[in-house]
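What follows is a set of structures for review.
Two complexes follow with subunit A in common, the first pairing it with subunit B and the second with subunit C.
Presenting the complex of A and B:
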């Protein structure tokens, strides 16, 4: 190979590479790949998928299914955060959705009927939508800061769930309801299909209509948006309502997984995982630009991490620490300051050979 | 008084400074020197590299090539703090102080006298008072900064810079939100500091102010040094053509004037008519009519109520007394949306806070107003978006001509043009422009003035607000004079009306 072509191909390569590296999803994807790789080192058939009874089985499928509730919660959280808000009440909403649906099924004369299950889910979702509307009212009309407004429901919500279950852990047997959390359709977990379906729907809703742009506009500059005629109040209200609705759906999936309504522990700390997933995905907590695909990757990272902890055999005592280290690494790689430093270093390194050549 | 050419050594000497951003050569081999005891103006259009040069000096940006000498020793500051330690202090256009702290705290922050490790508050206030009195400012150091006018805050910012005994004081657009008296007050301080031997670097878009205060000037264009001149040896026309690098053609355009022979009020119905419209604590009730095809100028000092009138007309603020009729039908402009629905567009004076959505693209910013009017469900069709973008990119000469660039990366003048495009895309019948030409360069200014005249000629009603009376006179058919938050006079413009007449009206309060 002649020296000239060698140089050219090298620059082309580095130009393309730097574009890939600068892509906002690059480091989250690397983190996910590293996690998956680490797992295959510990258990070589980690990525293997087998077919059993016409269903797919394996760790990747588990990750897909376990991601479903978190993905639903994180989708709503992404939109809320994009408008400069935050929703701390999602965990409580998850608990309420489980409590309402299972209590309804348990008290109905025919728990195994599809119609009962549908009505139960309908009631739970409507209630959660209402809870989201309540949050939106406090934030956009009354003008309470989002963190305080949703803190109200975060604390009150579990109390409400306790009232509904009368302090018991309600357990039921209902085959149709169990399908949502543990069933399969076309070989894939129903929960994952539902969550991915909602993801596709939200992506279409935000990018095919103008909702995404208006949400970002309100998040970036609320005063300018108001003067431009954007209905900021309606937008903020809408995203909180969606966050409530999606959390409700997540609550149904979690309840159906264990077939028990545990007012105290269902969806505990899911708000923190959701916020983490959003941040790992590259959406700034300062509001503005949001990335749904980033959130998707963030959710997969967190679920894989949780699974890794069990597979690698990290002691449950240090699990939170282990999680924290991974999260710090990913967020550091995304921080503009660190990126700037890395870019400056690679620029200097790239500049040096040129000087020699000149 | 300022014979710096004598054996004095420059306190700042920058040679061969180059800075490159991805795809842009922001500074290219620029030399710059600053002598003690002079006021040195840095001149150039938006994007010429003035801010970049200042940021290179104060260490905000690292330089790719060149050398910076401060007091004869080479420096490469890693940040403004380090520059300040070496005696280079900066006061920015937007006052970077804390509104909620006291004046004394703001001045002394980080330099408080201490006793046994704790801050000695009495000594702090005493020190602050001493610095304030050297500025000729007689205010209570324990009062909160936010309670003072922008001009006083500006002077407090300078006091703060002088706490560290700065040898070099950089003033970046310090006068852009000051009225004439406040500018005089600021300049008195600047002169005193200069006579004490401080080197002052002054950046301003107001050419008259540059001539009033500066001794020497350095002109930049497109990141290159064009020349260094004594102010007394450089004519205004010559300066402007050096800055824009084009000769008289643009200046010709500066003489756009609306045709005063046409009287739009003749026999037509007003587009908007207010009777006793007012808002408590904002502006006294006023009557105003604007006709289609007419430019109504609002003249008055800063804080005279001109912006408040615009905000009531555009629904940005809600009136609490009076009535508004739009096209002869009673209307309540409860919020900006209601006004937009009536065909009223409002370009705010505060571009950064109330106009620019920085992280969205130029394209998105342009269609934002139109899209907001349609609601989120009905997206503006891609074809229509492209048409709007194409039309206004060319018509308003927006640079760079890249609709996918983020708006925050454009210069002030181009941001302003994008915002004008946002409003024009909504096809307004009344366009309220509050200070549309503030802080933008001569070329863009002329283009915007021409646009306003053209829009009116095509039948749009326009309300035009500017601190520059020449500009108001040049464009308006009628002028409403504001003073002390009250409309005090209204005159029909003609060739015979001059700046002096309007100034007199403002001064006399319309004979009241």
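Presenting the complex of A and C:
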């Protein structure tokens, strides 16, 4: 995880413990640990992993698998937020991806063939990439604020998804397509492998090349980075396109989980969960420095929370309340006011506002 | 509006230089047009509204009847109230995602309190107060703890929605006689135009908001914060108080909206108002308020709500068009308005 921690430069503090506490991922990790601990107290074999039919089974594996779509969406969101943007349309994109792929499979003569499934996925991903490009066009070329530019697709997108499924919930039976959401490979869920693979790819691309730094520079100051020769427009365009593509992939996984395309409910509120995961992970909505490992932790927190609520036996409908508590706790702990009080060096930090903002 | 004056200067100079060539009459006209520029987005909304009315009137019989238009207000009264509250927040450059969930919370608590026999006169102010309190908490989060409005109101949304399900997972019908009597009260203006309690409440809210925004110091501070928070602070305006207050106003409006929704549906259900915050934001944007804050009108937002309502009405009248076309049309309309605003903003600088 260490190569993806973008905020490691702030390690000029003395003292081992305060350095750990001050690490941007400290509070999110504490929250995740508390959640896992609470679960273990409630049901002692929560963290146990057993092998069944050659697959790994257990709550941690469930968390991994359930995290996959959210992780994909949140990865794209992290990059978009790092450039000072936001992508509200991911939920609609998720619905469109499911609708397109399943409608294609349902209308094809041979829904069980691998080739049909691959073509369906290809079409869906291409369309989602196009939707991302469309968002990017509105933001980077036309110059509309990201929140509004993506609100357009967020509103229209579900309508388009319903148009594709003609208002029905399309269901199909196709073994190869089912593999993506519920299959296992080497004992691990395919969905989780796909998501973690994309995560590793993005981490390598942003942290092993200059791409991550360019994204951050655009987020910190778009005009300055443009003057410095960074192609800000291309970068913004690319991150929105990637966000669309990743959401499409997430949509395929979600559709494959239930083998049905529900234009109304597929990926409902996933944009909010994704933004939440990014913020919990310590990436500021004001853009600039981003932390992919933070996003990963944020995603795990949200998925674990959802699973916890189910395990404890509270109605899943109450989940938002717990999410609210986590968001409020984490954002307040990260807020400059509280941090200043926690840290005894308020004077020095106030003199460097850009560090406080990160 | 003292705040808008600095933006005027560059174009003002241009009109002055042009007056050398074209004479004073032209200057007067250009200047008059220029004054209108602030109203241009609202004018655009008005044109769209008129266009839909004309197209609807030509295509369908009875479309332009007072009954249909009165129903437009009756069916959208709660959305008007939400959009008014949202206008305040957006004018300061913030956003409020919690309104849909707060509306549901208010409706559900009203239904559940009435069911347990609490008198109506206690319930009505209490559920509106629920909205105000959530708004206050959000405002404090935004201002004191410097949490971004998006995240703070998102937390408020999750909080209110979760609370709804804690109070009542199922729909609660409202059968309290006094409440039903208030909800079903109506009056006929000119014998044709039906006004219900909720329409009257919504219009009062609009009038109040108009007064607050355009005739009080508070309103000017709201515009000033949207124009530039730092400058507003340096001007000695009460930025902190105002920033918290706009969220209180939006929360109160959402609480009131919930009450109106409870009157409209005679029930409280936890899943009402899902994504209604988006409708409210869309109405505000279509009504010509710019999301970065500082420019916009509360009456524009009302027009925006009416445009959304009319699209719905047209699709109902069309009959063969499926309901999802509403979303696509609203999306397309948003796109047109946003691009229009962008073009206007680009010409100004």
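The rule is short, and it goes like this: the second predicted complex is superposed on the first by the 326 of 358 C-alpha atoms of A that agree within 3 Å, B and C clash if a C-alpha of one lies under 4 Å from a C-alpha of the other, contacts with A are read in each partner's own complex, and residues count from 1 in each chain.
Methods note: a contact is a pair of C-beta atoms (placed from the backbone, for glycine too) under 8 Å apart; a residue touches a chain by one contact, two chains touch by 3 or more.
Since we're looking at a predicted model, the values are computed, not measured.
With both structures placed on the common chain, the touch criterion links A:148 to subunit C but leaves subunit B unconnected. When the two complexes are overlaid on their common chain A, residue A:323 makes contact with subunit C while staying clear of subunit B. Contacts of A:227 after superposition: subunit B is touched, whereas subunit C is not reached.
After superposition on the shared chain, subunit A has more residues touched by C, the comparison being subunit B against subunit C.
Within the superposed three-chain model, A:243 lies out of touch with both subunit B and subunit C [touch as defined at top].
Shared contact residues on subunit A (touching subunit B in one structure, subunit C in the other): none found. Looking at the complex, you find that subunit A touches subunit B at residues 208-211, 213-214, 216-217, 220-221, 223-231, 235, 288-289.
Here subunit C touches subunit A in the complex through residues 95, 97, 101, 141, 144-148, 150-152, 154-159, 161-163, 165-166, 169, 270, 278, 281-282, 285, 291-292, 322-328, 330-332, 334-335, 338-339, 342, 346, going by the rule given at the top. Here subunit B touches subunit A in the complex through residues 314, 316, 335-337, 340, 346, 348, 353-360, 364, 368-369, 371-380, 422, going by the rule given at the top. Residue ranges on subunit A touching subunit C, taken from their complex, read 86, 138, 142-145, 147-149, 151-160, 162-163, 166-167, 263, 272, 275-276, 279, 285-286, 315, 317-325, 327-328, 331-332, 335-338.
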